[in-house]
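Below you'll find a set of structures to go through.
Two complexes come next, and they have one chain in common, subunit A, joined by subunit B in the first and subunit C in the second.
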Partner chain A sequence: MLVHSRGTKWAVWALFLVLFLPLFALPLLVVLGASFATHWSSILPSGPTTAHYSAATRGEALQALTTSLVTALAASLIALTVGTWAALAAAALPKRVRRLLDALFVLPVAVPSVVVGLAILVAFSQPPILLNGTRWIVIAAHTVLVTAFAYQSVSAAIVRLDPAYEQAAASLGARPGYVLWRVKLPLLLPSLTAAAGLCFALSMGELSATMMLYPPDWTPLPVLIYAATDRGSLFAGSALAVVLMTATLLVLLAVSRIRTKASYR
Partner chain B sequence: MVRRLLWALPPVVLLVLFFLYPLLLVVQQSLQPDTGDTSLQPYADVFASGAFREALWTTVWLAPAATAGCLVLGFFLALVIAFVPFRGARAVAKFIDVFLSFPSFLITLALLFIYGTVGMANGMWTDVTGAAEGPFQFLTTPWGVLLAEITYFTPFVMRPLLAAFSHLDTAQLEAASSLGARAPRIVRQVILPEALPALAADGSLVLVLCLNEFGIVLFTGAKGVTTLPMLVYGKAILESDYPGACVVAVVNVVISVGLYGLYRVVSRRAGA
Partner chain C sequence: MGIRFDAVTVAYDGNVVLDSLDLAVQAGEVMALLGPSGSGKTTALRAVAGFVRPSAGRVFLGERDVTDLPPYRRGIGMVVQQYALFPHLRVEDNVAFGLKARKVAKTEIRARVAEALEMTGMAAYARRHPRELSGGQQQRVAVARALAIRPDVLLLDEPLSALDARLRSDMLAELARLHRELPDVSILYVTHDQVEALTLADRIAVMDKARLQACGTPRELYRAPANAFTASFVGNANLLPVTVGADGVAFAGAELKVDTAGAARGSKATLCVRPHLVGLGDGPNRLQGTVSEIQWRGSTHRLYVDVDGHRVMADVPELRTPPAHGDEVTLHFAPRDASLLTAGITHG
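Right after this comes the complex of A and B.
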């Protein structure tokens, strides 16, 4: 509709492909291709093998995958609870206080993740709360990082919520707790699951803060991928990366199914 | 009112305990190392070091350059998907969504295979020309980081832009075009003003994410490219110099939060 002449249209599409394919499609294809190869120094990978995958799905790698999944699950559930609570509480407050809360909860996005990692490491290596060396420090760091995103997307959804529903429920005598549980939260459910998916994906791929504070017995998958590529095992690292991407996508798919079920109600 | 404030208290307490208090400790450590009195000596030491100044400079030019690249590229690609649609444009939009859920270091990992010293591009070059080594040696320079950042963060610009474009009434485009306006003019006078708030908001987000990016730089494994987050990691974990790391962290936070705050104020003024 913007471009009418056939020639220009094709020229625009050609330029789109020339930019899009090498920049966005190629990297993912390359990682996928490399994960099945042992050698790659010309146009196609060579030495086909599935050995990287059998290594990537047992022992240390399998443990790292479970570590990542548990960390991401815990972090996104806590972040969703805290973020939703904060967003709901902020929505009921006067505009100026709400602005302050908005700024406060969005701040972790602007602060570098590495610094969040350093700060949590410094704070919880000393009394009163000692978390350094435990899995909880990793989970705490991930939770802090993703809570900002949960808060942002839930508070955006609250703004779009039609107040007529809760007013109707309240006018029929429903108590605030009942309105929250039976009216507001069900209406927010699609945004809540979307936020949960976002938090989960972010936590699965988190590397910066994790590098600062992971204990040796709680190594998430991205750290293992870095360790593999750092010692030159790029192909094994690719297989681990494919495992990470697949696990993330599977969980996101499951989460999006909750959303479609909710939207039918 | 008091009850409502009390309801907001639990999440705020958690945020203070796990985020603000740790940040304050970092500031305190940067001014007052475990042994010794409060002084600005750590700052003087860090500012005087060449590594810090180089990292500061690299961070400060790389992030706006990557942001500019993302905005231009993202605007063009979103424009084509929305207004010059082709078969499969929807699939491309879906692919962008998927792309967003992957970690940034995957891009660097892929680039190592494509442009690395023994990677695809150089391998092809040496096969064709018979030369001893290929011409693509930019991966361990800031240009490699720039390419990776533009690749990774462009989808962050495209998705909100596509959402903004879907609200745009196509009748406006038809009207402009039937009045004889050509495509560049329609883009400039109809589409761009409509997309400006989204561009401003995304630009500020991507700028901050680029300033704070760590995975991409870590994976290039280049000693030649050090950004502020990389320096924080190096000082704290590799050198165990915590006061130094805290100083760099404070500088990094001031730059990132300052720029982010500035952009939020500016884009609010602009009506975003």
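Right after this comes the complex of A and C.
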């Protein structure tokens, strides 16, 4: 700690709470409160009910949750594979080519996601690759958007990886493929799971590109939340939001358990 | 299996880090590559391992030219300063790594892992992870891992530098024992520590500024160094600028009797005398000067004596009444304890 006296410690905590609560905690608490309410006309919500949750966990909403989970899972797995592969390949390239590759992979992040959505819509609305109207265009868009993060976090980890491990393995007679599977990837595992978690969370919350692309039979949960609030059903939307948040957090928790196990070794 | 460097040159972007190295390590020999950092010694080792590509010259293992072979085809055991044990694998799996990579049969792997761990005294730690071991123990595992593949050539890159002094001398004895048990393995031992080189090596190759400066048995290099750099790097040395005379040399106005064979009369040369061979008091080959510093080192006193502007070091057995700073003293050394260096007159 940088501060030692008791008084200043309290002051710092107070400042932290003043900044943290309204910005981060309160909005989430409001959503949580609203999801159990039928009215909110005074300071606190009123008319407690769980009806929104029963609606949010069946039928259309449940379908949307599954859609979101499947999309996020597929997108983050593809992104992790592609991103890791690209990062490993980039590490072996000359510096100038690597810079170019870095820049290319940052592009989907630098460009607004609406633009990425539009680009994908235009690109895949005509043969030879006709994806418009299918679930694949949503998954493709999510993959494009999150691969950048996978690539970046994995290539940062590769730079930190001590080449001595790879060389020790090679001197023991291990071919490059064997070194990759038995040494490099296991050592990168903590970063890989962190990247996967990040990609998953980003994909679960993606709305702007999804809005332009989703077909009627593949509606992710954020779209449903948007639709609910758009027609004024704030409380039903809040319940959906809490479901989305909980589902995402549960998956991240599971991923972080793998991570702690991996870094303990 | 021996190692042979045939005019091996390594350069990065035109910057020569190893300049036309010619060196042969015999089968079963321990060769130390001794030199300061940046001398090219590690580069030479890495050229054998296959991690740097010579820009010219060839590297041979036995009769086989391995210059173009990737590291994993060379069959070399290697131990580096930071051990590089795989942190995600247990000790036994670290040791088994090379055997699994070579697809050795499972039952044999078990036997050879046990053998390698036994040899390095680490059998009790087989189920541990590297991070649960001390530095010295990790080093033993690294040695066991390298030995498990039964290499003909073992490369040791500053293997003891990360250990404390006490542990270092224990490991040094341990490595000497291992080499006695494996007399056919050639060892290339890179170090900047002359004690390690003198203790362990059959021969020492002294490197400086990307070049091989001298190569010989520790005794040869110590008794009759080929040049001033070798003299000062292998053991301590007084290096005195002298002029060769009829049957001795002239130094600071005094005539010193030494063997001048091979040196032209009247030429400039460097006289090398080891500090522990310089005595205090009168005798043959006297040097007179004033004490500029005196250090007590337990069993010895180290005197720094200013002789006509040149600093002469003398290590003498502990004195009951040591001279004080500024005292006039006389030093001497026996003619046979000095060697005359005619090549490479550099002082520093």
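Just a few scattered comments:
In this text, the second predicted complex is superposed on the first by the 249 of 265 C-alpha atoms of A that agree within 3 Å, B and C clash if a C-alpha of one lies under 4 Å from a C-alpha of the other, contacts with A are read in each partner's own complex, and residues count from 1 in each chain.
We adopt the following convention: contacts are C-beta pairs under 8 Å (C-beta built on N, C-alpha and C of every residue); 3 or more make two chains touch, one makes a residue touch a chain.
It should be emphasised that the depicted structure is a prediction, and the values quoted were computed from it without experimental measurement.
With both structures placed on the common chain, the touch criterion links A:Arg175 to subunit C but leaves subunit B unconnected.
Using the contact criterion defined above for the overlaid structures, shared-chain residue A:Glu206 touches subunit B, although it does not reach subunit C. Contact comparison for subunit A: of subunit B and subunit C, B touches the greater number of residues. By the touch criterion defined above, A:Val183 reaches subunit C but does not reach subunit B. Of the two partner chains placed by the overlay, only subunit B lies in contact with A:Pro108; subunit C stays clear of it. In the superposition on chain A, A:Gln167 makes contact with subunit C only, while subunit B stays out of contact range.
Of the two partner chains placed by the overlay, only subunit B lies in contact with A:Leu19; subunit C stays clear of it.
Of the two partner chains, subunit B is the only one that A:Trp85 touches; subunit C does not reach it.
Annotation: subunit A has no residue touching subunit B in one complex and subunit C in the other.
Subunit B makes touch with subunit A in their complex at residues 1, 4-5, 7-8, 10-12, 14-15, 18-19, 21-23, 25-26, 29, 73, 76-77, 79-80, 83-84, 86, 92, 95-96, 98-107, 109-114, 118-120, 122-124, 127, 150-151, 154-155, 170, 173-174, 177, 183, 186-187, 205, 208, 211-212, 214-215, 218-219, 221, 228-229, 232-233, 236-237, 242, 245-246, 249, 252-253, 256-257, 260-261. Across the complex, subunit A meets subunit C through its residues 162, 164-165, 167-176, 178, 182-183, 186-187, 189, 262, 265.
Interface residues of subunit C facing subunit A in the complex, by the touch rule stated above, are 49-51, 70-78, 80, 82, 84-88, 97-98, 100-102, 129, 145-146, 149, 155.
On subunit A, the positions that touch subunit B within their shared complex are 1-4, 8-9, 12-13, 16, 19-20, 23-28, 30-31, 34, 40-43, 82-83, 85-86, 89-90, 92-94, 97, 101, 104-105, 107-116, 118-124, 140, 143-144, 147, 197-198, 201, 204-208, 211-212, 222, 225-226, 229-230, 234, 237-238, 241, 244-245, 248-249, 252.
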